[in-house]
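Got some structures for you, see below.
Heads up, the next two complexes both have subunit A, just with different partners, subunit B and then subunit C.
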Partner chain A sequence: MKEPNDVILKTATKAAVVIILAFSIHLFLSGHHNPGGGFIGGLAFVAAVVLLYLVHGIEKVQKNIPVDFKKVAGIGVLISVFTGVGGMISGNPFLNQAFWMVDLPLFGKTEMATAVLFDVGVALAVIGASLTIIISISDDR
Partner chain B sequence: MNNLIILPIIIPIIAGMLMVICKNMIKFHRFLSLLAIISVGTVSVLLMEQIKFAGIQILYLGGWQAPFGITLVADMFAVMLVLVTAIVTFCCLCYAFSSIGIERELHYFYPLVLFMIAGVNGAFLTGDIFNLFVCFEVMLVASYVLISLGGTRIQLRESVKYILINMISSFFFLVAIAFLYRMTGTLNLAHLSVLVAKAGQGGLMTAVAFLFLIVFSLKAGLLLFFWLPGSYSAPPPAIAAIFAALLTKVGVYAIIRLFSLVFYHEPGVTHQLIGVLAAITMVLGAMGAVAYGDIKRIMTYNVMIGIGFILAGFASFSTAGMSGTVYYLIHDMIVKALLFLLGGTIIYLTGTGKLKEMSGLIRLHPQLGWMFFIAALSLSGIPPLSGFIGKIFITEGTFHSGYFWLGGIGLLSGLMVLYSMLKIFMNVFWGYTNLTDETDKGTHRGLLLPIGILTVLTIALGLGAEGIHEYVDLAVMGLMEPGLYIDAVRGSSLW
Partner chain C sequence: MIEGILFFSLLFLIFSVLTIIYRLVVGPTVSERVQALDALGIYLIACVAVFSVVLRSTAFFEVILLFGILSFIGTIALARYIERGVVIERQQSD
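Presenting the complex of A and B:
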């Protein structure tokens, strides 16, 4: 079969994927006080990976990202649940969150919150689940 | 604040996710699923003791006070159901070990069961109507996969119907919640109860109540049960038993919770309608159970009769009727699981579901035969088995509230249950043995043990009804006096 000539698409993807990934991280981090968060941050991340799938084909991408996304989803949910359990161990209600103000070099005064850990779990769960869905639909002929 | 309440929801989730990560270790899956279910059971026993001594237990998730955050409320009724859920699931899992097959086990059977249990427990324990919706969805999504897992022709056909009907009812559920939120501005059940009581349950509010009734009737199989006989006879026996024991009962629980806590101001309209629906369900269910000659069909129609009878007690809205409802709900969960496991075993042994094609099983499988006999008697409420006490109280309650027709139909449907069960018993176990020693597949401990546990339970629940009387009374008190629930959720805040 003749390979389609998609030089423009491949070149544009190289730049676009970086931008989408950066944007997804921005969405994720801004989620603490502004619109954003683990869910849409994760979805934006998935958008970047799906773009790679479309351009380079599923096998090639999977060879370069050898991750079982079902496990990613599982680990994500576990991280979120255990963040909730963390509150229980210190005698607070389930899902209780704590935060500290920390002076970081370069960033200045930064708020560190356990809610971010919860969001990491959410993001991983979203990434794992949606990529699993997309891969299994595309497998089905 | 009591962190124990979250455990019945998160233990199954944690265990299930660990299994997803360790995908191929089936021994580990089996061990962990049993461990998770046993710990859920232990937690619920602990909670029951705490409720007995210290009243209804509350957990504000994340420390957000009601009505702003999500509240989990453990009252006696909910926690009893969590305990029974754990017991039933334990037996069905034991049965699944030797019957479900390696293919399904590799395709996440145990994690899915645990996720479903997390949803069921969440629906029992939540004190927030939107959270109730979410828990329903968790439970349903897992059940969609379980019903189609294995992908046989009949399973796929029935799962399409099952998914469609549940999507539609979930949509109505969401619409009803939106209406309720627009009218009251809150989603917390206790707060809703206060606001509805303050504003009065007018015509519009009653209309919303009816919308909720339609939604939960679809889920519980109250009158709107057309999807149920097909869906529940498609999956293998271990899954069908969990479905029959738990899923419809969650719908029943939601009806009881909403119409005893929030919409209890117009019993002449809403509760009478529930009574009428229950009566029609019992009549139609009894017709189906008597008419069909197929074990699976008879069993599923018996599920409906059970639902109708439980809600008949609730419709009477009297203390006696309500304790009957609680007793019968617990009994029904156990005995329906027992019935489906027995029916599944019979079909496995004979290779057919048609009554006419089997006979004389008692010679080869005496234990199975007698356990079926006990289950049949228990199902139709013969003393001293567990169905009896619930049946008495429900009948007393309906007569007490003047619903003589409802009580009468309940008793008649009990006779029909007995007839349909004995029809199975006589056809399958009596007569000339047509299975030879060679064609007999044989039962073993793995199949008989869970059935045995449930049989012992139904006997024990009948003989020891006095022992759980105290707990049932507490559950009924919580249902009949919404004030207790509200005060517990309100705590020290001022609304």
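Presenting the complex of A and C:
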């Protein structure tokens, strides 16, 4: 097959992927009080990786991101469950969350919540599951 | 007066969205449908932007950014499908 000339697409992707990844981190971190959170942050991350897959093909991306996404989904679910169990250890119900106000040097008084750990698990599960689905759908012809 | 202008522009945007949906349904080939989907994304972004001016709120700006990203990726995927017949390609096959 003739190699296509997609210089514009590759150059635009170099800028767009960085923007989408930064936006996904912003969505993930704004989850506690504003719209956002683990699920939608993970989906924005998946959008960036899918853009990379579209532009560069499966082999190149899997060589540069050597991660088995099924394992990522499993690790995410395990993290979420164990943060839920962590509430049970101190005598509270399952999925009980705690937060502390911490004085960080640059940000001032910041709220540190254990719900962020739960959100990390949700984000990893969403990333692994969606990328596994997309890659396995695109495999068969 | 500015409210009237904004609602008038929203009215015209909705009218153009309806005409684009007509092209999306009727459009004879796949290329017209892809073009219509891209334009539909842009007009929906414009609708959300005008609506957030009406409400004097910045809460919808993330929606605009996310919609732009997803519309971009969807257009690239559909264009890739038209050109090659495959969305995500492997190198050693073919």
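Before moving on, here are some points about what is shown:
The working rule: the second predicted complex is superposed on the first by the 141 of 141 C-alpha atoms of A that agree within 3 Å, B and C clash if a C-alpha of one lies under 4 Å from a C-alpha of the other, contacts with A are read in each partner's own complex, and residues count from 1 in each chain.
Methods note: a residue touches a chain if its C-beta (ideal position, glycine included) is under 8 Å from a C-beta of that chain, and two chains touch if they have at least 3 such contacts.
It should be emphasised that the depicted structure is a prediction, and the values quoted were computed from it without experimental measurement.
Applying the stated clash criterion after superposition on subunit A shows that subunit B and subunit C can sit side by side.
In the superposition on chain A, A:Val67 makes contact with neither subunit B nor subunit C. In the superposed model, A:Leu78 lies in contact with subunit B only, and not with subunit C. Using the contact criterion defined above for the overlaid structures, shared-chain residue A:Ala98 touches neither subunit B nor subunit C, since it reaches no partner. Ranking subunit B and subunit C by residues of subunit A touched puts C first. In the superposed model, A:Gly57 makes contact with subunit C only, not with subunit B.
Once the two structures are overlaid on chain A, subunit A sits at the apex of an angle of 100° toward subunit B and subunit C, using CA centres and rounding to a multiple of 10.
Of the two partner chains, neither subunit B nor subunit C is touched by A:Ile133. When the two complexes are overlaid on their common chain A, residue A:Met88 makes contact with subunit B while staying clear of subunit C.
Here's the short version: in the overlay, subunit B gets within 24 Å of subunit C at its closest Cα pair. The residues of subunit A shared by its contacts with subunit B and with subunit C come to none at all. Only residues 70-71, 73-75, 77-78, 81-82, 84-85, 87-88, 92-97 of subunit A touch subunit B when the two sit together in their complex.
Across the complex, subunit C meets subunit A through its residues 59, 62, 65-66, 69-70, 72-73, 76-77, 80, 83-84, 86-92, 94.
Listed in rising order, the residues of subunit A touching subunit C in the complex are 1, 4, 9, 16, 20, 23, 27, 35-36, 40, 44, 47, 50-51, 53-55, 57-60, 134-135, 138, 141. On subunit B, the positions that touch subunit A within their shared complex are 1, 3, 6, 10, 13-14, 17-18, 20-21, 23, 59-63.
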